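Some structures are shown below for you to check.
Both complexes shown next keep subunit A, but they swap its partner, so subunit B is in the first and subunit C is in the second.
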Partner chain A sequence: MAKIESGTREEVRRLVYEFFSEECEVPVDQLNDGTNVIRDLEGDSLMFLELLEVFKKKYGLNVELKTVGKYVVKHPAETIGAIIAMTMLIIEHENRIAELD
Partner chain B sequence: MSGDLRELLSRAEAAVDFDRVEFERRDSGDFEDELQSQYAAYIISCALSNILKRSGIRIDYAAGYSMGLYAALFHAESVAFEQGLDLITVAYEMIRSAATGIDFGTGVISGLDNGDIRSIVSRRKDLEIINVNNRHSFLIAGFSSSVTRALKTAKKMGALNTKFLDLKLPYHSTAMRDVSREFYGYCSGMRIYDPSCCIISTVDAREITSWEDVLGDLADNIYRNINWLAAMERMVSAGVDAFVECGPGKSLYRISQFIEGGFSVYHLAMLQDLLASDRVCSHEDALDLRRA
Partner chain C sequence: MKKKVVVTGINIISSLGLNMEENWINLKAGKSGVRTIDLFDPSDCETRIAAQVPSGFDAYASRLIKKRLSGQMTRVTRMAYVCAVEAIDRSRCLDFSRNDRSRCAVIIGAVSAGNSSVETGTTEKNRIIKNMSNAIPAWISLRYGLEGPNFTVNTACASSSYAVTIGYEMIRNGTADLVITGGVDSTINPEEIKGFNELYALSVRNHEPERASRPFTRDRDGFVIGEGAGIIILESEKTARARGAAILAEVAGYAITSEAYNIMAPKKDGEGMAVTMRQALEKSGIAPERVDYINAHGTGTPLNDLYETMAIKSVFGAGAPSIPVSSSKSMIGHTIAAAGAIEAAITVMSIREQVITPTVNQDLPDPCLDLDFVPNYSRPHKINVAISNSFAFGGHNACIVFKKY
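Then we have the complex of A and B:
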């Protein structure tokens, strides 16, 4: 389990915003927590995989994609806000995310 | 729009039934019609190829993702621009004719590994992995009903995403073996040159260096499954450390994020960065080298 420090949430938020801004070629100030990545930004699944890879490397996370996939089926995350929240859960719980309701 | 693209659009209009008005309206090459999409991607890729060559970027290897093979052959000067359009048209017509009445489907699965995907496709005889994009992304194909079922299974197994694609023709499917023979016969009547740079086959990652090899790969590309990951790994292991994605969008750039190796991929929007970087020898640099 990665240690959540005081600045982690803000760092995750910044990285997620920067990621989607760059990937979707949309200025950061045009994004908000309610932006739907699929519908509003025409994003796709590979983007989420890429983002996950970024965080796996950054925080040295031990999490299997399949575990995240099973969690996503139950808790779809399509908006930037929901993706940030889910990323925080993944950082906090790693593979144990599957045990969450 | 660059002069290269304008010129090639005009030539394509003259050579085949290409919908230039729709192309310019969409501005992305993303047509709903499969054949028009292939034309668009090919034209954009060839225009980029011309820009690269004029900018002095020397390519050691070329590889074409799926129907991108024709653009790779154009870049390698193995076929002329109009010949590439002709090959796209003929392959499309042959496959369409052979697949008439077959409810064929293609799907993409992201987030599972190779073993998982193999176990899913092994459940139905008509299913196959038609492309391995990278270690987390796969294209599967078969009858529509089988693909739909496989995607549901993948989701249950923990795939981060599954999607039924709007691709109705069975390119790269073993069901097209007979079409491949017919296509080989057609291509045998064409003037095909030895490639000016090595082409890596996406079928089996072999090096293609002669016109005979090209002919074989053209036929293989119709009915054999492709493995983009293996082709990329082959080039990376040969020492390639910079790739340029010659095509609309940045799909290959993104696929490459999950391929191991110390390399960079430059997509269309990054082309200016590449041209301005020290990886590209400018005219002045070349003169300096000559003087030295």
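Then we have the complex of A and C:
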């Protein structure tokens, strides 16, 4: 399990906000942790996968999509805050995320 | 008891404009939307002209379609989407929150989503989603949360006419209250142009684009390919009246038939076309002498125009020469899967405004084709009943009958 530095936490947070701002054409200052990606931003289910690819490349993560998929089915992440939290878990646990409850 | 079906919204995107008003002004003025192709370099194509949608379309569409969505759509999908959104905006008092959304359908005529080599304004990503022709009605239903039947219809050049007739039937038999229907197409790409050239179907009058689409003339040499979208909102009379909709016309009936004759050529002497028009009138309970205007399929190919003329004479007999017949394709080219809906919308506008749009380029009449083709200039005309014809490769025929409401 990788320990996440506070700088990384801030970076992930900033990148997630920038991603949704850019993709959904909504200014960053109009987003918050409670913003629902589908309902409020007219986003789609592919966005989380694209975001995951960004972080896989950036941090060299050893994580398979199907593993994340199994976790997401049990723990849906619909808001920006929930997506940030899930991203942290993935960075922290990588493929072992499947072993989490 | 079968329900009465009315038209409560129409919109067109074509080479003559990005909305209904712009198109109607240009159609009445007899303008041509045909020009040299600039969507790609056509220099190695035998045909180098087409009726392209104005170059401002992408900027126009971006007002309604966010970048994220646009990246999942093709030009064809965007045209249908924008056309539908604006048709809905123009349909007075249409507020889906007051409708039972499970009884609102979307049925779109499309031969493909058109993910061609000249696709612009999108990315390499999302290939599967972009190629799905069913994504065209799906995106429309997603925007408004419409949960009724949702699908595409492909009968080539009659696709959107078939879509309208299926929508009509769904309302008439009580399956739906409201149907957003119509069609879309963009086949202006080197692959399709060369394909149609192989069939000797397209005009090669490259030196004078505006004069190339010449239905019913002696020197017609094929159709001019066009692109665009047409959307028609159909409702039961009851629900339309209940919400205070502006009713533009009534759909009196229709016929759809198959010629079962040839994959490309129409049945000899227009027999299949005549059967279709006759059936449509019979099903509508309208005698031929009550028809005031025919919006022809009128492609500009030697056989279609000859046989459609023969078919009209066969159905309307001695009365045929006194019925105005015009071809919208003379101005906006042949928009393939969109043609039926675009021309149905023009027919509805003709009834609404009591004006017939012309067949342009009528400078060399064909002595064998001796009907009133409304040459070159629009004309005020009393129209209570009008029909719109569509006849497709594959022998798919459609005729829709509209009545003044």
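Please note the rule applied: the second predicted complex is superposed on the first by the 98 of 101 C-alpha atoms of A that agree within 3 Å, B and C clash if a C-alpha of one lies under 4 Å from a C-alpha of the other, contacts with A are read in each partner's own complex, and residues count from 1 in each chain.
FYI, a contact is a pair of C-beta atoms (placed from the backbone, for glycine too) under 8 Å apart; a residue touches a chain by one contact, two chains touch by 3 or more.
Remember, it's a predicted structure, so these values are computed and weren't measured experimentally.
K.L.:
Superposed on subunit A, are subunit B and subunit C clashing or fitting side by side?
P.N.:
When both complexes are placed onto subunit A, subunit B and subunit C end up clashing with one another.
K.L.:
Between subunit B (first) and subunit C (second), which, if any, makes contact with A:43: first, second, both or neither?
P.N.:
The answer is second: A:43 touches subunit C but not subunit B.
K.L.:
Just subunit B (first), just subunit C (second), both, or neither: which does A:25 touch?
P.N.:
In the superposition, A:25 contacts both subunit B and subunit C.
K.L.:
When the two structures are laid over each other on chain A, which of subunit B and subunit C touches more residues of subunit A?
P.N.:
In the superposed model, B touches more residues of subunit A.
K.L.:
So, does A:66 touch the first partner subunit B, the second partner subunit C, both, or neither?
P.N.:
first
K.L.:
A:17 contacts which: subunit B (first), subunit C (second), both, neither?
P.N.:
A:17: touches no partner chain.
K.L.:
Once both complexes are aligned on A, which of 93-101, 111-119 or 237-245 in subunit C overlaps with subunit B?
P.N.:
Clashes with subunit B appear only in stretch 111-119.
K.L.:
Pick out the shared contact residues on subunit A: the ones touching subunit B in one complex and subunit C in the other.
P.N.:
Looking at subunit A, the two contact sets intersect at 23, 25, 44, 46-47.
K.L.:
Could you pull out which subunit B residues touch subunit A in their complex?
P.N.:
108, 110-112, 116, 136-137, 155-161, 163, 254-255, 257-258, 269
K.L.:
Show me the residue ranges of subunit A that touch subunit B in the complex, using the header's touch definition.
P.N.:
Result: residues 23, 25, 44-50, 52-53, 64-70, 72-73 of subunit A touch subunit B.
K.L.:
Write out the stretch or stretches of subunit A touching subunit C in their complex.
P.N.:
These residues of subunit A touch subunit C: 23-25, 42-44, 46-47.
K.L.:
How about subunit C: which of its residues touch subunit A in the complex?
P.N.:
66-69, 72, 126
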